[in-house]
Each structure stands twice: as C-alpha cells, then as structure tokens.
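Below, chain A partners chain B and then partners chain C, in two separate complexes.
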Partner chain A sequence: MNGAPLQRGVDRDKLKAMLRQKRRMRYFLSFCASCGLCAESCFYYRKHGDPRSTPAYKAVNTLGVMFSRKRTLSRDDLEGMKVLLWGKCVLCRRCYCPFGIDISGMISWARSICRAQGIYEDYRKSSRGL
Partner chain B sequence: MVIAKTKPLEEIFGMIRSCRSLLIVGCAGCTALCLEGGPREVDGLKDRLGALCKEEGSPCRMEGITLERQCEMEFIEELDAIEGDYEAILSLACGAGVQFVAERYPRKPVLPALNTTFIGVNRAVGLYEERCRSCGDCQLASTGGICFVTLCAKSLFNGPCGGSHNGRCEVDPEIPCAWCAIYERLKGQGRLESLLTLRPPMAWKNGVRGLQVHEDFKDRYGR
Partner chain C sequence: MYDFLAGPMLWISASVGLSGLLFRTILIFRATHNGYTRGTSSPIAGVAGRASSLMTGLRTFFRGLSRSFLIRQTSFFLLTLLFHLCLIITPLFLTAHSVLFFQSWQISLPALPERGTDILTVIILACGMLLFLRRLLAPSVRALTSAQDIALLMLTLAPFVTGFIAYRQYFAYETFLRLHMITGHLVLMALGWTRLGHMALFFVARFFISGEHSLVGGSRLWYRHSLSGEELR
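On to the complex of A and B.
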C-alpha cells in the first residue's frame, strides 16, 4: 500500500511483512555469486562503466540491505536507495543472470517496499528524475 | 510516453458510487511520469474520493497501492494477495493497463480513473506535447523529423494546404503550420527535394488492434 509521503521513520512491521511476502527474493540474494556477468546486460552500466551501476550491485545494495538491516534501517537509508532504484535503473528488465536470478524482480520489489513507506521518485521536482 | 489525464472527480464517483470497498491502483510507469497515476496521485485521489463519499453519505473503504507498471502481468500479480478484499479496482493507468488488470481479474469491475490522451513528450515538468499518433507507417525520415499526421490540423500527407498563412494554421492562428515547419527544417538540411515526393494515401491501421512481435521472438510466438 502507498505510505503517507510526509511520514518520518520506517513502518517496520510493514517492512518486515513485505520482506517475508516474497520468499524467493531471499533465495535470489543468497544465490548471487557476485560473478558480475549481469553487468554486460545492463545498458546503464555499459554506458557509464560505473561498477555501482551493475544490476547485482543495485539489487544487493537495496533489497539486500533491506533484508540484512531490517531492524535498524532508517528512513534516510531508504531515501538513499532512490539513487540506485530509480536513478540508475529504468527497469527495462534486460538484466541477465546465468543462475536465473530475477534481478529486475528484486529491484522492482525493492521499489514497492520503498513506495509502501512513502518513498518514491518525485517527478514534480524534475523531468529528469533525481 | 503515454500521457493521461485524471477524469473529473464526479465522473469517477459515478463509477464507484455503489462500491463499499475500493482498491485504487496507481502505475509507476508513464502515468506517474505525467503526474497523474503515481503514488502521490493515488493518495490524493483516495483523499478526495473519500471526502466525496462521506459528503454523499455512501461510505466506501478505500486503500491505495502503486504497481511498477500495469502493462506487465508480472507486476499486476502483486494484487493477487489483496484484490479479493475489494469490490472493485480503480486503475490510474493508461487504457492498456486498465485492460490488462481487467484481464487478470475478469470477475471484478476494473474502472478507469484516467483518460488516456496521447503519446507525447515531456517539454517541461507538467507540460506535455503530443508528438505521435502511432499510425504504424512512420514518415519522419522525409519530413525532417516533424510529424504531419500529428502536428498538421488536417493530417495532410502532401501539404501545405492553401490555408497556411505566415507559418500559421488556418484552423487556429495560434498553431504553427506543420508543413511550413517541415519546409524550413528541410531547407536548413538542404533536403528540399524530399517535398517533391508524393506520398500515397496511408493504409490506416489504427482501426485494427495492434500486435507486434519482435523479429527475434517470432519462433517463440509462432507468428
């Protein structure tokens, strides 16, 4: 559900419930061998060459962090993830993983979790996003 | 991107008047970009509709959620766990998204909260211009990248017409004449000979349902 945009803090019950909802996400995170083979399938990475633009980096440093720090995660932490979730990914869903990890599914679920906390891209501020 | 506009609140209320529970579903794709269907707009519509329901004495339990996109079934799946709790779904997606949600939940009324207006560009925040009619036979190569189907008031294939005056359209002097713009653009590119080619009448394909299979996937879909 959409969260109230002005609320501060993190609705931790909602966060934990959403992290439990899609069990496969946890498995995906544990399967990732950090091989980096997904990088070449990401047009954003290919254009910018920044390792922080690789699909695995984006997924692990957003959804992965939500799992590992679900008890202490702050609202600022979630706000900080916007750069990776919206700024460096257009969710074209072309990222390829040889292990079959649904990387774009992880990123979209991380976006859903953020939206449920009232954190999302504000297109009113800039037509170019972040 | 697809541009849309929220329907008048009274029209939306007319659709949901008899509902006692309503799931308002936003779309974080095109309609969020044009500031009509994202999480903020879902919350705003929920508040305004809630107030109207209260005023009209027809209470309705409402909840809002925004999906990544409503034109992909995988994202719509997110509703499976909650849609059963609501009598109807109010979608803030384009017409394609509304239909895809309705296809997934055929027993549930899926109602459109937006009017899909056109395919356009983001000139500035909140300012959108129509640029494409998705006619299926793009002519931009020979017109200097200016679409006469969209920008000429008469969609003239071999313009300009006699009503062009000082670069303005006779239909509305506020509108620039698309064919004058095409002339100027081609002149600047030294390609005025493009104007001498007569274009045959368009095989208008908008009358039939569009379906496109990427060349690499033709075997998969048997087309």
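On to the complex of A and C.
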C-alpha cells in the first residue's frame, strides 16, 4: 500500500501478433549494416547532431528491441522508447538507406505497437507543448 | 588438413554460404507483393505506356542516382565501392586460386597478374581500416556499432591479411596459410547467414520494389493494398 499506481504489464500476445504482421521489418533489421549512411538524410539528426537520433539508431533501439526481446520486454522498456519514437522523429519519411530499408516505416510501426499497449506521447504534458 | 581445406571444404563452405544467401533472397522476395495499377487501363494507354516506359525507366534511374550516395556523399561512396569491388574481384581472379580451381574442377578463370592482386589487397586493407576508424570515431556510427559489426568487419578482412602475409612469406608461412584458409571458409559461410548477406536485400529492394528509392522502377511492393487503400497482408 505504498500508493504507487499499479503498472499494467505488456499484452504480449498483441505485441507478438503485431510483430508477426511485418515480416519484412525483421529482414530489414537482420540486414542493416549499421553503416550510419541514413544519418545525413534525417533533418532531425542534422539539426541536433545527436548520435542517438540517426534513423537506424531510432529503429534498431525500438522496433529492433521489440523483435529481439519480445518475450521479456517490460512496460518500462516500452515507456523508455517514447523519447526516440515521438521525441526524436517526426515521421517525415525522408530517411534514405542504400539497401532501401524502410526505416520510417519501422519507426511508425513501433509507434503503433506502443499505442496498442496504451503507451503514447501525451502532448498536454510535453514540456514544449504543441 | 591442407588437402581437405584446399579442396573438398570449398564444397561445404560454398554450399553453406550460397544456400543461405539464396534462402534469404527467397524469404525477402516472398515478403513482397505484385504491384497493381489503380484505375482502369485502356489499350491505348497500354501502348503509350510501353513507348514511354524506356524513358520512364531511364528517368527513374537517373533520379534515383541523383538522390543516391553517389551524389550525396561522394567520398564515402567511392570508399565503399572500391572496398566492395576489390573484395569480390580479388579472391575470384587471384592466380593462386585460379590454380586451385583448375586442379579441383578443371575450370580456368582468368587470372590477374600477381602484382595487381597485391595492390587490390592493399586497397581492401586500407579501405577496411578507414571503415573501422569511421566506426570508432564518427559518433553517429559509433552509437550504432555493436560487437557483431566489428567482428564481421574484422572477419571480412582476416583472409586478406593472412593471405597477404602467407603469400609474401614474411614469417610462419605454414601457420598463416592455414589461418588464411580457415578464415576464408568462415567468411564464405557467414555470407549466407549473417549481416554480410546484405547483397541479397540490396538487389531485391533496389531493383524490384517500385517507389521506395529503387534504382530502376520495379513492379513489386512491400505491401498489398485493398481497393480502399488499407494495407493487407
């Protein structure tokens, strides 16, 4: 009875089902050479120069982690991804990869997965507002 | 051990590597769908379409090119192109390999002069070192780098280092020859089952998918749409 709000877990079946829908994204992740060439095509990265905002970094550390740790991922892990998914990407779809990996598609699907778990950016609380 | 590594082992590693490559190419290809054109198409539109398709194809190609890294990041493009070209040409057309190919299968591939392959090997190693330094020093690439990426880059370079040392007979010839053969077989096998198989994705994505920055306008799509536009599987 410490008053902390009870955290809901992760709806694992839904998570797995949504990951299964996008086979191509699993293949994308298995071929990404982590060469960082996509960085220069992302206006957000170019503006802020933050190495944790390159398109591949955002996709690998959100959707990539969902694929690789789909059995153990916690709700906190998903909450932590909000910064990358909403804070550092506007889904402008400009990112370009020499292999044709659809990076923004992966970021977008990771957002959808979070939303389906009830995790999303609350713009009213965001410091910068809208 | 030498005879096994220089002969029959090639069958094993080549079939492991190539079958993986083929298997994954099929997997990716199966994740794509046949594209369809929206709206109705009249016979006239069909003929006109074919007449302009060469022009459209060329235009798509050059538009793709102008947006590609060839134009956007020329120096890195040249670096990685040089690296990859030498990587593929050197082992195939090396005189010493040519002799082995002939001994095992009686096929004779054209062989480059030994001085030429020496230079190509040095180019590979130099480009490899630059790629490695970039991985360590460029913050954006460093943040992406996992141990696996470094291991695979090193594995790719290993047969070239050991082969160079063995061929020049600087020291420990026997040891380096065996190391060369072992790492060579490892790279061949890894080609199919690790990130090194990226060429499979490259050819499917850049030549068969329409839109999505493809170099020639392919006719396949990553997803199938219903008539009302929603994504189907």
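The working rule: the second predicted complex is superposed on the first by the 119 of 130 C-alpha atoms of A that agree within 3 Å, B and C clash if a C-alpha of one lies under 4 Å from a C-alpha of the other, contacts with A are read in each partner's own complex, and residues count from 1 in each chain.
Basically, a contact is a pair of C-beta atoms (placed from the backbone, for glycine too) under 8 Å apart; a residue touches a chain by one contact, two chains touch by 3 or more.
All values reported here derive from a predicted model rather than from experimental measurement.
Looking at the shared chain after the overlay, A:Gln21 reaches both chain B and chain C. When the two structures are aligned on the shared chain, A:Leu73 is found in touch with neither chain B nor chain C.
Shared-chain residue A:Ile113: touches no atom of chain B or chain C. Using the contact criterion defined above for the overlaid structures, shared-chain residue A:Ser30 touches chain C, although it does not reach chain B. In the superposed pair of complexes, A:Glu40 makes contact with chain C only, with no contact to chain B.
Contacts of A:Tyr57 after superposition: chain C is touched, whereas chain B is not reached.
By the touch criterion defined above, A:Gly100 lies against chain C but remains apart from chain B after alignment on the C-alpha atoms of chain A. Residue overlap on chain A between the chain B contacts of one complex and the chain C contacts of the other covers 21, 105.
Listing the residues of chain A that touch chain B in their complex gives 1-2, 4-5, 21, 91, 105, 108, 111-112, 115, 118, 120-127.
Those residues of chain B that touch chain A in the shared complex are 26, 28, 32-33, 35, 38-40, 42-43, 63-69, 74-75, 78, 81, 122, 124-126. The part of chain C that touches chain A in the complex is made up of residues 24, 27-28, 31-32, 67-69, 72-73, 76, 80, 138-146, 149, 195, 197-198, 200-202, 205-206, 209, 212-214, 222, 233. Residue ranges on chain A touching chain C, taken from their complex, read 21, 23-24, 27-28, 30-37, 39-41, 45, 51-52, 54, 56-57, 60, 96, 98-102, 105.
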